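Shared chain: chain A. Partners: chain B in the first complex, chain C in the second.
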Partner chain A sequence: MNTAMLLLLVAFAAPILALVAGAIQPRLAPSAAMLGVAATAAVVVWSFWQPDSSHKTTWASIYGMNVELTLDGLGRLYALLATGIGFFVVAYASRYIPLHLHHQQRPLSHQTRFYFFLLLFMAAMVGLVMAQDLILLFMFWDLTAIASFFLIGYDQQEEESRSAAMMALMVTGITAVLVLIGSIMLYTEYGTFSLPAIIESGEILGASDWALLLIAIGALAKSAQTPLHFWLPRAMAAPTPVSAYLHSAAMVAAGVFLIGRFYPLMKEIDWLLDIFLFVGFSSMLVGGIIALTRNVLKQILAYSTISQYGYVVFMFGMGGSYGIKGASFYVLAHAIVKSALFLTAGAVSEATGKKNLSDIGGLRRKMPMLAIGSGFAAAGLVALPLTIGFFKDEIFFARAVELGQPYMTMDVLGASLTFAYIFRFWTHVFLGREITEAKPISGWLVWPVFSLGIITILGGVWPEPFTKIAEGAASVTAYSAQHLDVHYTFDPIPENMMAVATWTLGLTIYLTRRKWWRLATGIAHLGEKIGPAHWYYKGLNGLNALSDSVHDYEVRDLRSRVVSILVPAGVLVAIAVVITPNANSFEIGSFEQQDFTLVIMLVAVVVSGFVVMLLRDHLRLAIGLSCVGYSLAGVWAFMGAPNVTLVAVVVETILSLFFIGMLVLMPSTILRFETQAEGDRRSMPRDAIIATIAGLLVFFVSWGALSRTSWNTEVIESQTVLTTAVHARNVVTAILADFRGFDTMGEITVIAITLIGIISLLRSGRLR
Partner chain B sequence: MTLVFSMAIASLFAAGAYLMLKRDLIRLIAGMIMIGNAANLFIMASALRRGRANILPANGDRLADPLVQAMVLTAIVISFATAALALVVVYRVYTSHLSVDISDISAAEEEQSELDEPRAEDMIETELEDEIEDLVESPLVEVPL
Partner chain C sequence: MMTEQTPPVVPHGMIKTGARVFLVPGWVLALAILLKGYADIGDGFAAGVIAALVVVLQGIAFGAEELERIWVARMAPVMSLIGLLLAYTVAFVPTFFGYPILTHFPRMNHHVIHFGPLEFITPVVFDIAVFLVVYGFCVGAMLTLARAEVRHQRVLQRLRRQTGKRGNP
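Now for the complex of A and B:
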C-alpha cells in the first residue's frame, strides 16, 4: 500500500473510530478522536520523508472517472494543516465541548456527533487535497460542505446556529455545483477528468477559461471572499473549536487550496488573475475595516479571516514566483496563528462568561500563559520579527516590490489594517484594567494555544521546515520547482521599509480610532443594509413566497394539481422543441403502396378519437373509446404485428366491457351532469386551445424524434438469430417469454396486484 | 409515413388532453386511455423498419422490428391495468361523494378540512413555517461599540 492510500484510509477510519467509541461510552469519544487525528497527522508528517505517491483505481471507465490520488507537496501542506491544527483543536475541544454542553444543558452523548463530523471534515479535507480526478475532487469538496453544515449547526436548539449553518451550506453548496459544472466543462474540452493530464496539455482549450472561472467562484466562496463572504461571520455561531478549525485551517483553506490546485491553468488567463486581484484586495479592505468595528471577539477574528484570505487570493492574483510561494507560506503561517487566536477567544469567553471585547480587559494577570501564547500568535499575525508571520508578510511585500508602487501601497494598506485590529483585539483582552471576574479554566484550554504560540516563534527563528513545506506546495502550484529562502536582513531594503511602514500606519490607525470610528461603522452598516447578505435574505424570502404560492395553487383540487405538474413539463418540452437545432431534420418519410391501408386505419383512429372528444353520453363515450382501440388494433395488424393485434383486441374487449360495467354501477343522474354543467360549456374554448397547443407540441416532438430513428438494424438481426436458438418461431414471443422473461413476470405481478386492488375497492362499495 | 404517424399521434394526444381537462372524472380516464394509445402508437411508429410479421423462417422477406412490438405489448397491458384501477377508484369516489364532478369533490374536501380540527401534521407545518420566517428575519450582526 502506498502513502496516499494509507493516508486516506487512516483519515476515514478516524471519524468511524470516534463514532464507535462514542456509541460505547460518550466519554471515550474525545480520546478516540485524538487518537484518530494523531494517527492521521503522523502519517502526514511521515509522508514528508517519502517521495510523492500516487494511487489509481478505475472507477467508472466509460466516463473516464478514476479514483486518482496523489500526495504531492500541495497536498502535504494542506493535509498537515487539516490534521496538525485538527490535533490541537480536538485536544482543546476535549475540555471545551463538555463545558459547552453543560452550559446548554445538553447530555454529554451529544459530543460524539461533534467529533464525528469534525473528523469527517478532516478526512474529507485529506481526500480533497490528494484527489486528482475532477469528479473525485468534487465529491470530497461537497463532503466538506456537508460536514461543515453539521459542525456550524452543532447547537441545533439555537436558531442562530441553524440559520448560520443553512447559510454556509447554501453559499458553499450552490457554488460547489459551479465547481462540478466547471469540471464537466473541462472534461468536454480535454476529454479527461484527470487534472494532471489536463495541466500537462499546457494550454487553455475552447471554453475552459469559463470553466476555470466557475471553479474559481466555488473556491472564492469557500474562502469567504467578497461578495460571498457573509456566511463566515454568521458561522461564528458554532462552538469555538469549530470556528477555530473550519475558519483558520480547514474550510476556508480548502478554497485557496482549490485555486492552488488549478493555478497552473488559471495563471494562463490574465483576466482571471485580475479578478483575483480585485476580489482579494476588496476582501482585505472589507474584512479589515469591519473587523476594526466589531465588538464580539469571534466576529473580529471572522472578519480578520476574510481579510487574511484576501491576502492569499491577492497573492495568487499578483502571481509570479514570489506570489505563489507567498500564498503557500501565508496559508501555513495564518492557520497556525489564527487557530491560536480563535482558541484564545474561546478560552477567554469560557473564563469570563463574556463574549464582547468591551466587557473584557486586563486578563494578563489571571491568565498569563494564555496571554503569552496568544501574544505570540497575535505578533505572528501582525508580522512582527522573530515570528513566522514576519516572513509571510516579507514574501508578500517582495512580490509587490517586483510589481511596483500601486501594489506596494495596497499591500501596506491591507497589512496595516490587520495590525490595527489585531492590536486592538489583544491589548483590549489582556492589557488595561481588569473589568470582569475570570474563573480558572482547565489547562487543556490553554496548552493548545501556548503550543501554537511557541510554533509561531519557532517559525520565526528557524523558518527552514516551514519554508520547505511551502516550497513543496508552491512547486505544485507553479508547476515548476520553486525555492524559498527567507532570512532577516537589517538593511533598509524595500520589504523592510514596508514592514516598518505597516507597523507605524497600523498603530496610527489604532490610536486615531476616535476619528474614523463613525466612518468605519457606517461602512459596516451600509454593508448590512445593501450588501450581499441582504440580497441573500431577499432571495430566500422570494423563493419561499414562490414556493408558498405554488403550493397554495397546487393543493386546491385535482385539476390544479395536474396543471401544476403538467404545465411546467409542457413548457420544458416547448423550450426543448424551440432550442433543438431543427434544420433539415424533419422527414416526410417514405410512402409505399401497401401503406395505403395503414393510412386508412390511422384516419379511422383519429376520427373516432375526435368523436369521443365531442360525445355527450357516457355509454357512447365508452363505445367510441373502444372504436379507437379496435382501429388501433387494425393499425397494428397492418404494421406486421399479429401478437400486438391479438393482445389489443382482447384487452380492448375486456376494457370496454369493464367500462360499461362501471357505468352500470352509477345512476344515470350522476352521469348526465356533464351536458348541463354551465361551467363546462364556458371553459370549452379554453380547453380546446390548451389541447391544440399540447397536440402541436406532441406533433413536433414526435415528428422530430421519428425523423431521426437509427438505421442500424443490427439488433433486429441478432434477435432473429437468437429466436431460432431458443427453438421459437415467433420473434416477439421469444423476446417476451425468453429474453425478457423476468420483465414479463414483473408485468404479470403488476396485473395481479391491480386485480387485487380492484376487487377490494369494489367489495367495500358501501355508501358512506 | 413519418409525417402521417406524427399527425395521428398528435391528434390522439390532443383529443386525450381535451378530455382530461373536463370536470367529469370518467372523461378524465377516457383522456388518459387516449393518451396511452398515442404513446403506444409513438412506440410502434419508432420501429427501425416495417415489414412482414415476425414469424420465422423469414424466407428472405423483410421482417418488422420486433423490439417495439414487444415493448408495446407490455405497455398495452399495463395501461389497461391502470385504466381499470382508475375506473374503480372513480366508482369509489362516486360511492363516497355521490358525484363524479371534480368541482363537487374539491368543494366537499374543503368543507371537510374546515370541519376537521387542526391535525398534528398541520401543527408541525406551521411551526416549520414560523421557523423559516424567523430564520429569514434573523438579526444581523451585533451593533459595534
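Now for the complex of A and C:
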C-alpha cells in the first residue's frame, strides 16, 4: 500500500474509532480521537521523507471517473495543518468540551458527536488535499461542508448556532455546486476529470476560464472572502475548539488550497488574477477595519481571519514566484498563530466567564503561561522578528516590491491594520488592571496554546523546516520547482523598511483610536445594514415566504391538493399521449379462443370497478377496491405470469390492510359525515364531465401503451438465454435483480424513504 | 371504524389460533420463496410481503401491543434501512474495483456454489436486500399506524376522564 492510500485509510478510520469508543463509553471518545489524529498526523509527517505517492483506481470508467489520489507538496502542507493543528485542538477540546456541556446542562455523551464530526472534517480535508480527480475533489469538498455544518451547529438547542450552521452551509454549499459545475465544464473542454492531465495540456481551452471562475468563487466563499465573508463571524457561535480548527487551519484553508490546486491554470487568466487582487485587498480592509471595532474576543479573531486570508488571496493575485511561495508560507504561519489565539480566547472566557474584551484585563498575573504562549502567537501574527510571522510578511512585501509602489502601499496598509487589532486584543486581555477575576483552569487549556506559541518562535529562529514545507507546496502551485530561502538582514532593504513602517503605522492606528473609532464603527454598521448578510437574510426570507405560500395553497383542502398535483400530472400525460407517434398504437388485436377465460376475468374486473362506484361506506370501499385488484391478479394468472400474480395477490392484501389501518386512524365523525353527505345535485353534471375526461384519458393512455407491439422478441430471447448464463432459472427474478437491478434499487430506495416519511408524519402528530 | 356506540371488536378465537399457527409456516414459505427465487417462482419482493402479512396478522389477532413484543416486528424499520444499505453495498462495491455499478458475482458462466436450489451469488444478496426493505416497509408502516392509534385512544381516554363524560373531541 502506498502512502497516499494509507493516509486516507488512517484518516477515515479516526472518526469511526472515536464514534465506536464514544458508543462504548463517552469518556473514551477524547482519547480515541487523540489517538486517531496523532496516527494520521504521524503518517503525514512520515510522508515528508517519502517521494510523492499516487494511487489510481478506476471507479466509473464510462464517465472517466477515477479514485485518483496524489500526496504531493501541496497536499502535505494542508494535510499537516489539518492533522497537526487538529491534534492540539483535540487535546484542548478534551477538557473544554466537558466544561462546555456542563455549562449547557447537556450529558457527556454528546461529546462523541463532536469528535466524530471534527475527525470526519479532518479526514475529508485529508482526502480533499490528495484528490486529483475533479469529481472526487468535489465529494471531499462537500463532505467538509457537511461536517462543518454539524460542528458549527453543535449547540443545537440554541437558535443562533442553528442559523449560523445553516448560513455556513448555504454559502459554502451553494458555491460548492459552482465548483461542481466548473469541474463538469472542464470535463467537457478537456475530456477528462483528471486534474494533472488537464494541467499538463498547458492551455486554457474554450470556456475553461469561466469554469475556473466558478471554481474560484467556490474557493473564495470557503475562505470567507468579501462579499461572501459574512458567514464566518456568525459561525463563531460554535464552541471554541471548532472555531480554532475550522476557522484557522481547516475550513477556510480549504478555499485557498483549492486556488493553489488550480493555480497552474488560473495564473494564465489575467482577469481572474485581477479579481483575486481586488477580493483579497477588500477582504484585508473590511476584515481589518471591522476587527478593530469588535468587542467580542472571537469576533475580533473571526474578522482577523477574513483579513488574513485576504492576504493570501491577494498574494495569489500578485502572482510570481514570491506571490506563490508567500501564499503557501502564509497559510502555514497563520494557521499556527491563529489557532493559538482562538484557543486563548476560549481559555480566557472559561477562566473569567466573560466573552467581551471590555470585561477582561490584566490576566498576565493569573495566567502567565497563557500570556506568554499567546503573546508569542500574537507577535507572530503582527510579524515581529524572531517569530515565524516575520518571514510571512517579508515574502509578502518582497513580491510587492517587485510590482511597485501601489502594491507596497496596499501591503503596508493591510499589515498595519493587523498590527493594530492584534495589539489591541492582546494588550487588553493580558495587560492593564484586572477587571474580572479569573478562576484557575485546567492545564490542558493552556499547554496547546503554549506549544503553538513555542512553534511560532521556533519558526522564527529556525525557519528551514517551514520553508521546506512551503517550497514543496509552492512547487505544485507554480507547476515548477521553487526555492524559498529566508533569513534576517539588518540592511535597510525595502522589505525591512516596510516592516518598520507597518509597526509604526499600526501602533499609530491603535494609539489614535479615539479619533477614528466612530468612523470605523460606522463602516461596520453600514456593512450590517446594506451588506451581503442583509441580502442573504432577505433572500432566505423571500424563499421561505414563497415556499410557505405554495405549501399553504397546496394543503388548504383536498381539492387544492388534487388540483396542484393531479391536474399538472394529467395535463403532462395528455401532452405526452398527443405528441407520441402512434403508428402501431390504438389497434384492436385478434381474438383467439384461448383468450376467452381472460375476458371472463376482465369482466370481473369491470364489474368490481362499477360496484366500487356505488359504494359509500369507507370500509366497503376499501374491500371493493381490493376486489378490483384480486380480479386483476386473476387476469395475470390466466396470462401465464405466475410471478406477477403472486406479487399482485400479496400486495393487494397488504394494501387493503393499510387502507383499513388508515381508516381506523381517521376521526369517526368525519368518516360518518362523508358517508352520509348528500352530493350537491347542481354540481353533478360538472363532476360527471371531469370524471369522464379523466377516465377517457387513462383509458387512452393504457390502450396506447398496451396495444403498441413492444414485444421485442429479440430482447426476450436474449434475456432468456442470458438468464441461465447469470445462474438464474427464473427470468423475472433475473431481470429484477440483475438486468434491471438499477431500477429495483431506485424502487426500494423510494420504499425506504416512504417509510421514513410515514414514521415521521405519524410520530410528530401532524396528521392528528 | 370504532365509534363509541359500537363495542371494540374482539377477534375471534379462530383468528388468534390461525395467526399463531401460520406464523412459523408463513415465514418458512417467505424464506423459501426468497432463497430459491432465483431458480423458481417468487422473489424478494413477494417474500417480503408474505413475511410481513403473517407478522401483521399477529397484530390483528392480538392487538398492537403484541407487535411491540415481537422482535422482528419492532425492528422492522431498522431492517428496512439495513436492507437498503445491503442493496447499496451490492450495487456500489463493484465500482471500487473498476466494474460498472451493480456488477454481480460470480461473473457470467463462472462456477457457482450450490446448496440445493440456493445459489451463492450476489443477485441473491440483492434479493435479500429487497426482501428486507419490503418487509420492513410493510410491517414498519403498520406498526406506525398501530402506535398512532394506541396513542390516540390513550388521549381520548384521558380526555374522557377529565371531562367526566364520554365524548369524541
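FYI, the second predicted complex is superposed on the first by the 555 of 768 C-alpha atoms of A that agree within 3 Å, B and C clash if a C-alpha of one lies under 4 Å from a C-alpha of the other, contacts with A are read in each partner's own complex, and residues count from 1 in each chain.
Criterion: a residue touches a chain if its C-beta (ideal position, glycine included) is under 8 Å from a C-beta of that chain, and two chains touch if they have at least 3 such contacts.
All values reported here derive from a predicted model rather than from experimental measurement.
Colleague: Using the touch definition from the top, say if A:Met745 reaches chain B (first), chain C (second), both or neither.
Modeller: It touches chain C, and chain B stays clear.
Colleague: Tell me which partner A:Val664 touches in the superposition: chain B (first), chain C (second), both or neither.
Modeller: second
Colleague: In the overlaid three-chain picture, which partner chain does A:Val651 touch, first (chain B) or second (chain C), both, or neither?
Modeller: Touch partners of A:Val651: chain B and chain C.
Colleague: Does chain C touch more residues of chain A than chain B does, or is it the other way round?
Modeller: Touching more residues of chain A than the other partner does is B.
Colleague: Between chain B and chain C, whom does A:Thr754 touch in the aligned arrangement: first, second, both, or neither?
Modeller: Once the two structures are laid over each other on A, A:Thr754 reaches both partners.
Colleague: By the touch definition at the top of the document, which applies to A:Leu736: first (chain B), second (chain C), both, or neither?
Modeller: both
Colleague: Thinking of the overlay built on chain A, is A:Pro642 touched by chain B (first), by chain C (second), by both, or by neither?
Modeller: So A:Pro642 meets both chain B and chain C here.
Colleague: Identify the partner contact of A:Arg234: answer first if only chain B is touched, second if only chain C is, both if each is, neither if none is.
Modeller: Only chain B; A:Arg234 stays clear of chain C.
Colleague: Should A:Val726 be classified as contacting the first partner (chain B), the second (chain C), both, or neither?
Modeller: The answer is second: A:Val726 touches chain C but not chain B.
Colleague: Applying the document's definition of touch, where does A:Thr58 land relative to chain B and chain C: first, second, both, or neither?
Modeller: second
Colleague: Indicate the residue numbers of chain A shared between its chain B interface and its chain C interface, in ascending order.
Modeller: In the superposed arrangement, which is not itself an observed complex, chain A uses residues 618, 642-643, 647, 651, 654, 658, 662-663, 665-666, 671, 728-730, 732, 736, 744, 751, 754-755, 758, 762, 767-768 for both chain B and chain C.
Colleague: Write out the stretch or stretches of chain C touching chain A in their complex.
Modeller: Contact set of chain C toward chain A: 1-3, 33, 37-46, 49-50, 52-53, 56, 60, 77, 80-81, 83-84, 87-88, 91, 95-98, 100-102, 104, 106, 108-109, 112, 119, 121, 123-124, 126-127, 129-130, 133-134, 136-138, 140-142, 144-149, 152, 168.
Colleague: Could you please specify the touching residues of chain A with respect to chain B in the complex?
Modeller: These residues of chain A touch chain B: 159-160, 162-163, 166, 233-234, 293-296, 299, 356-358, 517, 521, 524, 528, 533, 537, 540-541, 544, 556-559, 562, 587-591, 595, 598-599, 602, 605-606, 609-610, 612-613, 618, 621, 625, 628-629, 632, 635-636, 639-644, 647-648, 651, 654-655, 658-659, 662-663, 665-666, 670-671, 673-674, 677, 679-680, 683, 687-688, 690-692, 694-696, 698-699, 702-703, 705-707, 709-713, 715-716, 719-720, 723-724, 728-732, 735-736, 740, 743-744, 747, 750-751, 754-755, 757-758, 761-762, 765-768.
Colleague: Under the definition above, what is the set of chain B residues touching chain A in their complex?
Modeller: So the residues of chain B touching chain A come out as 1-24, 26-27, 30, 33-34, 37-38, 40-42, 44-56, 58, 63-67, 69-70, 72-74, 76-78, 80-85, 87-92, 94-96, 98-103, 105-106, 109, 131-132, 134-138, 140-145.
Colleague: Given the complex with chain C, which residues does chain A contribute to the contact?
Modeller: So the residues of chain A touching chain C come out as 57-62, 67, 618-619, 642-643, 646-647, 650-651, 653-654, 657-658, 661-669, 671-672, 722, 725-730, 732-734, 736-738, 741-742, 744-745, 748-749, 751-752, 754-755, 758-759, 762-763, 767-768.
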